[in-house]
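Below you'll find the structure I mean.
Order of writing sets the labels: A, B, C, D and E. Residues in every chain begin at 1.
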Amino acid sequence: MNASELTTISAEELKPVHLPGAIIPAPPEDSDTSIMRIEIGPAHPAMHGIVRLTTYLDGEQIVGMVPEIGYLHRGFEKESENSKWIQVIPYTDRLNYVSPVLNNIGYSMAVEKLFGVEIPRRAQFARVIMGEISRITDHLTCLAACAMEVGGFTFFLWFIKAREYLYELLEQVTGGRVTINWTRFGGNSTDFPDGFLKEVEVRLEKVREVIEEGDQLVTRNKIFIDRMKNIGVLSKEKAISYGFTGPLLRACGVPYDIRRADPHLVYDELDFEIPIGEVGDSYDRFLVRMEEMRQSISIIEQAIDKIPYGPVMTRERYLGYPDKKEVYGSIEGLIDHFKMVMEGHHPPAGEVYQPIEGGNGELGFYLVSDGSGDPVKCRVRPPCFNYVQAMPELALGHYVADIIAIFGSINMIGGELDR
Amino acid sequence: MKFKVKKVDRSEGLKEALYIPGIAVGLKHTMRHFFRNIVGKKDVVTIQYPEEERPVSQRWRGRHRLTRRDDGFLKCVACYMCETVCPAKCIHIEAGEHPDFSVEKYPVRFDIDELRCVFCGLCVEACPKQAIRMDTGVIGMAYHSRESFNFTRDLLRDAYTPNEKTKYTDADLPKPPDQQSALPNSRGIPAP
Amino acid sequence: MQLVLEFLALPFVQDVLKILFILLLFAMPLGTFMTLMERKWSAAVQDRIGPNRANIGSYRGRGLLHIAADALKSIFKEDLIPKGADKFLYTIAPFFSFMSAVAVFAIIPIAGPIGDFKFQVTDVEPGLLFIFAITSLGVYGAVLAGASSNSKFALFGGTRASAQMISYEVFLGLSLMGLFMVYGSTQVSAIVEGQGEHWFGLIPKWGVFTQPLGFVVFFTALIAETKRAPFDAPEGESEIVAGYFVEYSGMRWSSFMLAEYIAIVGVAALITTLFFGGYQVPWLYHWESAPQWLVTLLQFGKFASFTFIFCWFQIQIRWTVPKFRFDQTMALGWKKLLPVALLNTVVTAIIIVALA
Amino acid sequence: MPEESSASTESTEASEPIETSVVINLVQQEYPAAMLTTHRHRGDETIALKREFIQPVCRLLRDHPDCRFEMFVDLTAVDYLLIETDLQQTERFEVVYHLRSLSKDHRIRLKCPVPEDDCQIPSIHMLWHAVNWYERECYDMYGIHFEGHPNLTRILMYEQFQGHPLRKDYPVDKQQPLLELNDVEERYHYGRFE
Amino acid sequence: MREYLPILIMILVGIGLAGVFTAISILFGPKLSTETKQTPFESGFLTQGTEGQRYDVKFFMTALVFLVFDVEVVFLYPWAVQIRELHWPGLIAALFFIGVLVLGLVYDWKKGALEWE
């Protein structure tokens, strides 16, 4: 990206009136009508996470909005600080529960960075394949929900059907559909079963068909275009200042993709395009996600061609459990295993921040270790947090029906937002 | 580094402005699904759950089971590894000495609170004796009371008996006095 | 026996019998059936199976029993009136919706006349105009429900419904102008009679062929008038939850729903009558020796099957297209449909005058 | 929409990642009094600052043509109570900022020690939009006051929550008192927003 | 007027059916009303409802435009039915009338009366 493309946000734009939580509109002086306050959420059909938007309306027009979050707060960080390092992995499944693999990968990569180890190449490719499958499920869910709320219920169920094909793939590898608990420090817990990669190709073809069908059903329909176009526009500069990442930032026209900007795993060996939008409205976000799924399919196909044979777990004794054969056969193996289980992992003291491109944007894990068996700090940087924060700005001046179009397109995931 | 960028196509032409072509294309797809499904249920993906069941994968993590040795006794040696590694702290083990010296230790109590369990499978990985498995393929566990989710050792024990001539029968396993005292409470702490 | 026949010959008794027939044996069963079919058909579109669980013993009847189950459920639901609601208005609001939905059937001929006897409840002179007047009373149902519920979501739904329905009233009337010109009458029986003719003895002179643009506008306006998708902003279940009837429960709620489904049947019947020849079976005039009872039966069958097809078509539309936003609904009407309807009127008039 | 990707594809040259020590040097140059330590662990550049300087340093990092940190990535705090580590920290809390520059393609981590008895730090909400909620969350979780924040209220926990849950001295299984319905009702009717 | 009687009967039947439904609901529905149940829906929050709320419905102009158009359209019906008899003179008159109507529409459009503010 060109340095001259971006201008620093001006002081004018940072005026506190736009700061969420500070918008309390005054009733218009020249009319005898009042501003109506209406609560959208938490018990509202369009709030498919749990969030409360206190909306102030003048007629049907939004003049103010105060988002309130925290309804799904489960204390991820506190719980992690009181667990062993490995016990956090099942918990990360519950962050962004529509793309659990990516959360697993992010956390494991952060711990591996703390250890300073590199994982085997097959494991890296496996993570790319599974991660991209997971990204597709994430986008499928998001787009489906978004279209459903503007009335495309058929689109919703078709996409959920496609997601089901992919969940069954995840299940074949990990043994779970949503709560997968798949990665470990230094590799993955399981390798692909026989014939899995062929199955992936078959299913991706089915998914591609569904995507094309859905594309024709909805994206070129004028009614849908009317609902999405120029709704919830955010300028490039503001989006960056709000900390937008992922599809939302790309929809604003900034080609910022962590898979390219901070290359991790083997993404730099794979060829894909970064879809970007023009305006940064809901329609752009929808199209960017649509295109990203196609790119993900192509990434998976390339990765399947390139995946090498080999182990999926490092041989390092301090990272993974020893081979089962060793555990059952030798006393050393058994002792190692016992020590691993009882004492847990001991990453060297230090702090790392590991960002990966999650389904929704930059998913960062900030870990602090003091060399003991528990994390001192296990912080998730959730992408949704910034999006919901920008909700008032996105919605201001639009109609009450546009809230759902905007909210659907930012893909807020409650588990990730509130942790 | 170099990367490729692709602008999404958000152009809008006369075809979109007329509304009807877009709706017609949509109708084409929905009608195709409609007639295929009305005539022969060709595309239907839903299954009739209680009658039909979805085949789960080999690796599916379902309800736990405690495996047995060839002679029919539990493989578990009550080493507390699964209890230690469990993130949900849902396993509760009490070890006991078996009268037979070849058996070393065995679990007097082995309770899993399946309501607390997060089905992560770490206990299976941690077990050094392959004594606990999650390959029962049980998808749904639905009961009417919380107590029903507390699976004691005898409920978890594998129903399958590999050898006909077993050295130990079920009756040989020392049992807790009653079901109530065998159960931990919901926080995984044994009842007083 | 004589007494019974005489009694049956009384015009008043005949009217009541016709009303009971068309309502209780045609419109309401079909409307009720549609509540199930909406779910079954949407399931087929979406690759699902749809409801099939309600059963008596082991008999499931392919989901047909769900109708009975739903009715029973509504009957035994608690009947709630929200705090602060205007009880009287709250109670009478469903009446208006229901009344306007059933009133349409008064003018619809279901088969050709035999002598003096018409298979039509009444054949009033202003015909459709009078019926539009009656049906537009339906707006009161939505407005009263919205205003009396003491709920903000309902209030939004009510105001949206009122603006949408009165606006589309205009286009509804305007789109039929061309039809009135072509058939030279506003009386329904005359319009249907006119559609019995054929061009070159081959193409039936149906309204859809004489007035294609009028058909599109009329169909659109009619769907909007009944607040069906894609014009269901007043009910907008995703933003204002259920719109004007969000506070209703039990059978009160059911009357709104049933009214909606009867309105679907009404729309389908109107479309059939005005644009698809009503009961007129095309090319039947070739068969001159057909017995009267068979002709009547065929006519009724044609009418019923076309009505059914249009019920299905409305449902298919609903599960295909996304929803309009409320202001877009209004803009579509005033800025697109209104000019198109005016244009249609002018062009039709010029052609007719030039040909006459 | 199927389309030829070759037609709409363009290549963009990302600027080469500069040596990140430029950032450290710059801060060293401009605010020599502010720097406590710097270190580079596993490739993450870190600057520890005195908290009084956080605002000017952040402004400098955002606006200086060599840094251009347009994106505010993350803000959190770490509680080092009873933790022995060689991360060279001196006080109980440390507020941690992560910044990202898109145009210069680099990241930086800033850390400010905050003592327990004077638990406050200047707010930087005027520099990036994103800061607002992150500071609220940090206040909610650790009780660190951000001086000058326009709306420093709880965000994830409810108003009546006692204590700050992520402090190490907050027991993990502590139970909060149940709220009376009246409190809840009052809040909804005459809530903090009106 | 004889033929209007069935319509009246039909309306009464419709109202009667809806009335029967409501009566059934009142008769058979359980009565377990509580304070919370009776509160109007507002996403799970307590609400004051719409009493005393005056909110700007913003379709005053639309209503006026509707009134104008509906009345004008009614004037066109007699002409439409009699178009063959009135022939060219009638058509020219009607076109003039419609022209004025269109002018009004264009004026409204330009003035922004059709915008849903």
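Rule of thumb we're sticking to: a contact is a pair of C-beta atoms (placed from the backbone, for glycine too) under 8 Å apart; a residue touches a chain by one contact, two chains touch by 3 or more.
Predicted model, so just to flag it, every value in this text is computed and none were measured.
**Student:** Listed by label, which chains are in contact with chain B and with chain D?
**Tutor:** The shared contacts of chain B and chain D, listed by label, come to A.
**Student:** So, comparing each chain's Cα centre against the centre of all protein Cα atoms, which one is closest?
**Tutor:** The most central chain here turns out to be A.
**Student:** Pick the pair with more C-beta contacts: A-D or A-C?
**Tutor:** Looking at A-D and A-C side by side, A-D shows more C-beta contacts.
**Student:** Whole-Å distance, chain A centre to chain E centre, using C-alpha means?
**Tutor:** Using C-alpha averages as centres, the distance is 47 Å.
**Student:** Using CA atom averages as chain centres, what separation in Å is found between chain C and chain E?
**Tutor:** 16
**Student:** Return the distance between the CA-based centres of chain A and chain B, expressed in whole Å.
**Tutor:** 26
**Student:** In chain A, which residues are in touch with two or more of the other chains?
**Tutor:** As it turns out, chain A has residues touching two or more other chains at 36, 38, 40, 44, 60, 154, 161, 217-218, 220-221, 223, 255, 260, 273.
**Student:** List, in ascending order, every residue of chain C touching at least 2 other chains.
**Tutor:** Where chain C meets two or more other chains at a single residue, that happens at 45-48, 152-153, 241, 319-321, 326-327.
**Student:** Can you tell me which residues of chain E touch two or more of the remaining chains?
**Tutor:** Chain E, residues with two or more chain partners: 42, 45, 47, 53, 55, 57, 116.
**Student:** For a test of understanding, state which residues of chain D touch chain A in their complex under the given definition.
**Tutor:** 1-2, 5, 9, 12, 14-15, 41-42, 44, 46, 62-63, 68, 70-74, 76, 78-80, 83-87, 96, 98, 102-105, 107, 109, 125-130, 132-134, 136-137, 141, 150-151, 153-158, 165-166, 168, 170, 172, 193-194
**Student:** Under the definition above, what is the set of chain C residues touching chain A in their complex?
**Tutor:** Residues 42, 45-48, 152-153, 156, 229-230, 232-233, 236-241, 319-328.
**Student:** What residues on chain E touch chain C, complex-wise?
**Tutor:** Its residues touching chain C are 2-7, 9-11, 13-15, 17-19, 21-22, 24-26, 28-33, 37-42, 47, 49-51, 53, 55, 57, 59, 62-63, 65-66, 69-70, 73-74, 76-77, 80-84, 87-88, 90-91, 94-95, 98, 101-102, 105, 109, 114, 116.
**Student:** Across the complex, what residues on chain A touch chain E?
**Tutor:** For chain A paired with chain E, touching residues are 31-34, 36, 38-44, 47, 52, 57-61.
**Student:** Quick check on the complex: what are the chain B residues that touch chain A?
**Tutor:** Residue positions touching the partner: 1, 3-10, 12, 15-19, 22-23, 25-26, 29-30, 45, 56-61, 79, 81, 84-85, 87, 118-122, 125-126, 128-130, 134.
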